[in-house]
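One structure, pasted below without further comment.
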Amino acid sequence: GTLDDVKARGQLNCGVTTGVPGFAEPDANGVWQGFDVAVCRAVAAAVLSDSNAVQFVPTTGKTRFTALASGEIDMLARNTTWTFSRDVDLKFEFTGVNYYDGQGFMIPKELGVSSAKDLDGATVCIQTGTTTELNLADFFRSNNISYEPVPIETGAEAVQQYTAGACDVYTTDASALAAQRANFEDPDAHVIMPEIISKEPLGPLVRHGDNEWGDIVRWTLNALITAEELGVTSANLAELAGGTNNPEINRLLGTEGDLGGMLGLDGDWAERAIGVAGNYGEIFATNIGEETPIGLARGLNAQYTDGGLIYSPPFR
Amino acid sequence: MTQAQMQVSDEVAIEIRGMNKWYGQFHVLRDIELTVNRGERIVICGPSGSGKSTLIRCINALEEHQKGSIVVDGTQLTSDLKNIDTIRSEVGMCFQHFNLFPHLTILENCTLAPIWVRKIPKKEAEETAMHFLEKVKIPDQANKYPGQLSGGQQQRVAIARSLCMRPRIMLFDEPTSALDPEMIKEVLDTMIELAEEGMTMLCVTHEMGFARQVANRVIFMDAGQIVEQNEPEAFFNNPQSDRTKLFLSQILGH
Amino acid sequence: MTTITDTPAPASFRLSSLINDTRYRSYTFQFIALVAIIATMAFIGGNLVRNLAAAGLNISYDFLGAQAGYDINQRPISYESTDTHGRAAIVGLLNTLIVAFLGCITATVIGVIAGVLRLSPNWLVRKLMSIYVEMFRNVPVLIWILIIFSIMINTTPAPRAFKGEDATASMWFFDSVAVTNRGVFLPKPIYESGSLIVGIVFLLSIVGIFAFRRYARKQLYDHGKLIPTFWPSVALFFVPAILAQLVLGNPITLEYPELKGFNFKGGMTVRGSLIALWFALAIYTGAFIAENVRAGIQAIPKGQTEAAGALGLRPGRIMNLVVLPQALRVIIPPLISQYLNITKNSSLAIAVGYMDLTGTLGGITLLQTGRAIEAVLLLMLFYLTISLSISFVMNIYNNSIKLKER
Amino acid sequence: MTDTNVSFVRTEQIPPSPPPAAEAGIVKWMRENLFSSILNTVLTVIAAYVIIRLLMGIVPWFANGVWEAGSMRECRDILAGASGACFAVLVDRWDHLLFGFKYPPEAYFRIVIALVLLLVAALPVLFQTVPRKLLLFTGLYPFIAYWLIWGGSLWTPLMLLALFVLTAMVYRLIGEQISTDMRKIAAAVVGLIAGVGLAYLLFIGAGELGFIANSIGTSGALNTVAYGAFWLMSGFTYLFFIPMGIFVGYAIYNSYEGGGLVSVVTALLFLYAALTFVFGPVSDGLASVVGLELQAVASRDLGGFVLNMILGTVCVSLSIPLGIALALGRQSDMPLIKGVCVIFIEFIRGVPLITLLFVANVMLAYFMPPESNFDLVLRVIIMITAFSAAYIAEVIRGGLAALPKGQYEAADSLGLNYAQATRLIILPQALKISIPGIVNVAVGLFKDTTLVSIISMFDLVGMIRGPIQNATEWIGVYWEVYGFGAMLFFVVCYGISQYSQWLERQLQTDHH
Amino acid sequence: MTQAQMQVSDEVAIEIRGMNKWYGQFHVLRDIELTVNRGERIVICGPSGSGKSTLIRCINALEEHQKGSIVVDGTQLTSDLKNIDTIRSEVGMCFQHFNLFPHLTILENCTLAPIWVRKIPKKEAEETAMHFLEKVKIPDQANKYPGQLSGGQQQRVAIARSLCMRPRIMLFDEPTSALDPEMIKEVLDTMIELAEEGMTMLCVTHEMGFARQVANRVIFMDAGQIVEQNEPEAFFNNPQSDRTKLFLSQILGH
């Protein structure tokens, strides 16, 4: 199975994007950084005990599925929406959701538009490569308004067109909108509209059929989430790993039970995964949280206990 | 038939006075003085680079001269386009490499200029063309393309093409030097025939047999100057200048 | 003369004849090659089947009949997001053809002008043209497409610049044409009753132009009268149709583009993406064509011009009657491959968001359906067909004008 | 009536004199080159206007350029609204633009050395006057460059080199040096091995075809046809696997006198055996004794302009032999071989490179055995090589066609066989004629390597469009990076095309 | 020296029986019967297109014949490559246009085939080559390229190149017709020398002086058939067939 391949190789091949700020981008030193990247690193740490034993394979919208299907990559952690046909028809297995997104619109304030329903006749820049085009078409068709789509390949080019006024509206996942707006010359001149026209649950995926490997990816992600829920942070990780009186934490960190063994890993796997960059909340905060230039609020991505959708099945 | 039997009138066909030409700093033609009467047949010879080609190209305004005057058939050669046109329609020219138009048939080659320059109706132009093609003995090739003809045939077509413009003066620039020996004769025969009809001709050539047979006058050029001119017999048998003697000894010894 | 015919018995066949005998040798080699080809196919095909099975995929073109779900902004034929992927591919194909066609024509025009100007006696023009040619020939077309697109977006005004009292941009030609960074908005003719007649008159006048030119040629050939054709042709082109339009009381009206809401409405739109791609391809390929044209003209020996000049032809006529007809024969073969290059390079359209074949079938369709193999195969098939047709047609033309040789 | 006074003799020479004053100097130059006619004057004015406008736009942008800043925002602050470039991005991302973002910075010097050596290696190929001895270095260069760029143990390229040399030696040994009796024995052995091997391969292939047929099934008319066709081919192959093996074995055996076929096959067999059985263990063993290691770098980590350079040189050099083979195949009088070559060439020339890159990216992996997993760069190299081979084949075909028929006939009449005539007479001449054409293809190909950015490789353009433009601090840069990229390509391509023009002139004078 | 003095053996070098060749539908060679003894020197003449070149190219297997047999030095010319190779190494050929290899020096031209076909060590091959180059009187040009030599020199190199393979029979296809008159003599001299040494030669040529001087037999071909053959004196002074007479009158009158 994939697990053996990865172990034999000593390296995890993880498909990412060619660059989305905050989610996956190489920094000035050429090191991949970002929210999606952190998932890959966590898996690598869990499996190979080395968060740097990851080969990041940049993929485009077109190439990501074949890269995964052909075995070039072991997992894809790229803003890929979990949809029925991808899961069923293309034969992939989505192992969870690390970011709940939705498609939104950004528009210059001066146009004075307050609702997406007022966009009749607008020119809309779309960053192609995901489900965006389809959502957009559905939205305008169901609201019976006309528009002019302008498909753009990269986010940077879309922004360029949008800021030059070549389109009135820019649509893509709300997270990216926020991230890009933050870098505008004058961010306040643009508003993100309230309508979110689609559900975009983004998460890592693996090939169909290798359930052991799928489980590892799924539960590594869940470990990060559970860690936040249970208050396990990178600061107190070492201390808690010594054993606590919370059995759930103990099971998570391997001091109780043998969850790791069931996965084909050792007992410390989750500790290592969390140790890379902290729990889900910490990863969020360092990569895309409100303190970063991306400046995303937790919103839907808060723990269920805080009214969000982030929810991990129990570790038992 | 010798040259004496062909008539030469007193009328002046070409008059060149104090003509000078430079290529950049290089003085190719120096103080050329030359008068050609109507009906005269002049052969120009001289070593390579002496300016023979340049001289006859100046007469046809293919090259500009910078000093002196050239009067052809009473028309002064200036940079005035009208005069150039007049002169060019009076003067026909044959080149060493024939320069037929490869994309046109022989007949079209011959009728192109009459139709577009002389504004002669096509039918009439074709009749004239056929007449001259007959004269150069290749009427049957009229609908072929130049590429399909031998060198000698091509040169004869080139002559016919010039004749179709009914020029009063013909210039030849080494018309036979690119030909195989067998073909030279064909072309020279055509030229001799032309000479017999009294065409005024200036011919750069080294065919000395031809010069003896048809020329009224042979001009020897060297270093851009006319060094010697004389009737053919006198020229060949009794050259005056040393330069001429040397040249003749080379050419005839060959 | 004796005619003995003791033909030798054909060399008896031995196994080694298969290799050593010229009669069998080539069959042997071809047979071996055939077996090798089949074996290679078997290898590749077997792997393909096995890999697809392992990935749980199957080759199927059913997706072409499924609903596409995305919109395309430039639709030569009617298309809705509810139409099929197949139809979307056709729209893309037509868009490819449109930009390739426009590109070829414009590149030819640019190339011929630049090529002729490179031989101009004017030093400045000559240098300028060679800078143009070298600059474009030596930088990848993708970079040029991106740069030109960017120039277009950033130097032309956005529609909203036309808005309001203090508009920073204004329309051209009496408010009939708007040049924006979304494209160019032009007046669109509206046909009312009677416009058919105007149309017919216009067509007739075009026929008339050809007839007139023939007549002029005939006059020259038959009566030696040279009639100028340029201005009469221009007049013929415009006057009858305009007259008919006036007489019939303006049956054809123009719908002018107007700024309404976000965009200019009404009229015709030539989208920015089309313009950028078209322009980039034309100007890039134009540089190559310019070189071909220059080489073609220079390949005509100077003797041709001189001979024509000595016959009394004027420079313009020399160009038309002697030089160009010959240069054309040199220029056409490389021109064919430049046309093919434009078609192939148009597949970079997606870089500027133009929805050509690669953008639809090879882009969003591939992306949405995940049918990579099928989509890529179809894509190659389409391009191959286009390329082969272009070179087929051009080769026929080329052969028809070939010089006759001995 | 004749002019009696024709005789004339010049007694003194006219010395050459300088041309009249109006015919020289800058005034004349201006008159002739800029203002010779009304049209030209107008053109001059227009051209001057265009140039001035362009300069007015570009010069301030350049002059105001900011070279030191940490981000786009800082640039904007420094410029404070004035028009100006933000060249700071070039400074900041210089390494990435040239080498990609993953290549270890401490190994940059290796690439620089490899590129410099490339120039040296190219010299004897490009210039006839350079000592021929340098060609030896050219032959060694691929191995050196491989080691420098990809790193790893020096033993790998060294062993490869040794294997090639050994193979050549085996070839010569069998072909020339051993006695006829020995050669007969060698021929028998090699023929047996090759025959059995071929029969085995065909047997496997036939099975494979049947497998394909079965997995297609017979649902649908098209499938039924394909099913039939595959079974037919399978049957054909089954029928012939033993006869073919025997025949090929026999053919090799039978050709012992000529020596050619035997030695070629022996050498190939040797190479194959050595690569599979000896190569790995020995080079590993040697590496464990004496390291000679450079830090290994994965192909994936190559990027930036260097990736363009590597793809360009590797693909062009690989495609020349392939192109030659295709061109010869296309000239062949065997319809099947000619047909295959024509189809290959026309197919490749008929589709855009990016569709082939899509194939490399999404399809090629499916054509390979499931366990083999070679990386994207290699797949891309394969496709680009195939692509440029088709174009080079056409250039070489032109060169072959330019050779007079007499050359073939003279070679024939001297008794040279096809391989000898081709190698010794035809190719050297045809290639020489084709060099300018090949150089042009190479320039085109080098430019086309930017298309790999479309399949998510980080070459120069990919680097710009991906990581740099999406970097948080550099969102909004455009002209600076593209201008820089354009300039890099211009310098290289212009240099090469000037060379090719020089060569063309050189060849022209050669012919006379 | 006349042909009578050169020895001709009884051994058969080339035997052609009922040989026929077609180009497509066009019957170029019809029932050719020809026996050449070792040491014979045969000149073949005939009008253009009569099939002379085709005949000697068939002997060298440069063209395939379709009917009849050709036996060269005891080897039957079949489609078997081995036989073809044997024959080609026995038979040398010189072409009208020399067909030297322009990318190789004169010496390399001469050693190429001995080294690669005969597998002679390079050194030895070079010695042989120098020997033959001396024989054709151009040893000093050995390191030049063909492009640097005059036509006559090139043709002599071509002869030397063939000789280096030590052929027993030499075929010449109009070896002098592409040469300027001065150079023809050089080449003919070389050929005469060769003839004197007893080389079996078949030579297509229209140099009648050469034929008279060295040939044992002159063969006249027309329309693909051998029309007449005879000893030179008899052939030239007393041609039998009308076709031959006509041809000779044209050729000698020229």
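Letters A, B, C, D and E mark the chains as written, and numbering starts fresh at 1 in each.
In this section, contacts are C-beta pairs under 8 Å (C-beta built on N, C-alpha and C of every residue); 3 or more make two chains touch, one makes a residue touch a chain.
In UniProt terms the chains read B, E = ABC transporter ATP-binding protein; C, D = Amino acid ABC transporter permease.
Since this is a predicted model, take the numbers as computed values, not measurements.
Trainee: Could you tell me which chains are in contact with subunit A and with subunit D alike?
Mentor: Per touch definition, common to subunit A and subunit D: C.
Trainee: Just how many steps, at minimum, does a route from subunit A to subunit E need if it may pass only between touching chains?
Mentor: Between subunit A and subunit E, the shortest chain-hopping route counts 2.
Trainee: Report the pair of chains linked by the most C-beta pairs in contact.
Mentor: Of all chain pairs, the one joined by the most C-beta contacts is C-D.
Trainee: Please indicate the chain closest to the centre of the assembly, with centres calculated from CA atoms only.
Mentor: D
Trainee: Among the chains, which one keeps its Cα centre farthest from the Cα centre of subunit C?
Mentor: E
Trainee: Roughly how far is subunit B from subunit C, centre to centre by C-alpha average, rounded to an integer in Å?
Mentor: Centres of subunit B and subunit C (C-alpha means) sit 49 Å apart.
Trainee: Could you tell me the distance, in whole angstrom, between the mean C-alpha positions of subunit D and subunit E?
Mentor: So the centre of subunit D lies 46 Å away from the centre of subunit E.
Trainee: Starting from the mean Cα coordinates of subunit A and subunit B, work out the distance between those two points in Å.
Mentor: Once rounded, the distance between the two centres reads 88 Å.
Trainee: Where the centres are mean C-alpha positions, what is the separation of subunit C from subunit E, in Å?
Mentor: Chain centres of subunit C and subunit E, defined by C-alpha means, are spaced 56 Å apart.
Trainee: Could you say which residues in subunit C touch two or more other chains, in rising order?
Mentor: Only 20, 51, 150, 350-351, 362, 372 qualify.
Trainee: Can you tell me which residues of subunit D touch two or more of the remaining chains?
Mentor: 358, 362-363, 365-366, 370, 454, 465, 478
Trainee: Between which chains does touch occur?
Mentor: So, checking each combination of chains, I get A-C, A-D, B-C, B-D, C-D, C-E, D-E as the touching pairs.
Trainee: Where on subunit C does subunit E make contact in their complex?
Mentor: 1-8, 10-11, 17, 20-23, 25
Trainee: Tell me, which parts of subunit D touch subunit B in their complex?
Mentor: Residues 1-3, 6-10, 13-14, 16-20, 23-24 of subunit D touch subunit B in their complex.
Trainee: Quick check: in the complex, which residue numbers of subunit C touch subunit A?
Mentor: For this pair, the touching residues of subunit C are 51, 55-57, 69-73, 81-82, 150, 153-154, 157-161, 181-182, 260-263, 265, 272-273, 350-351, 353, 355, 359, 362-364, 366-368, 370, 372.
Trainee: In the complex formed with subunit C, which residues of subunit A make contact?
Mentor: Listed in rising order, the residues are 61-62, 65-66, 69-70, 86, 89-91, 110-111, 119-123, 128-131, 133-134, 136-138, 140-141, 147-153, 160-161, 164-168, 207-209.
Trainee: So in the complex, which bits of subunit D are touching subunit C?
Mentor: Contact set of subunit D toward subunit C: 32-34, 36, 40, 43-44, 47-48, 50-51, 201-202, 204-206, 208-209, 211-212, 215-216, 230, 233-234, 236-237, 240, 244, 247-248, 250-251, 254-255, 333-337, 340, 346-347, 349-355, 358-359, 362-363, 365-370, 443, 447-448, 450-451, 453-454, 461, 465, 478-479, 482-483, 485-486, 489-490, 493-494, 497.
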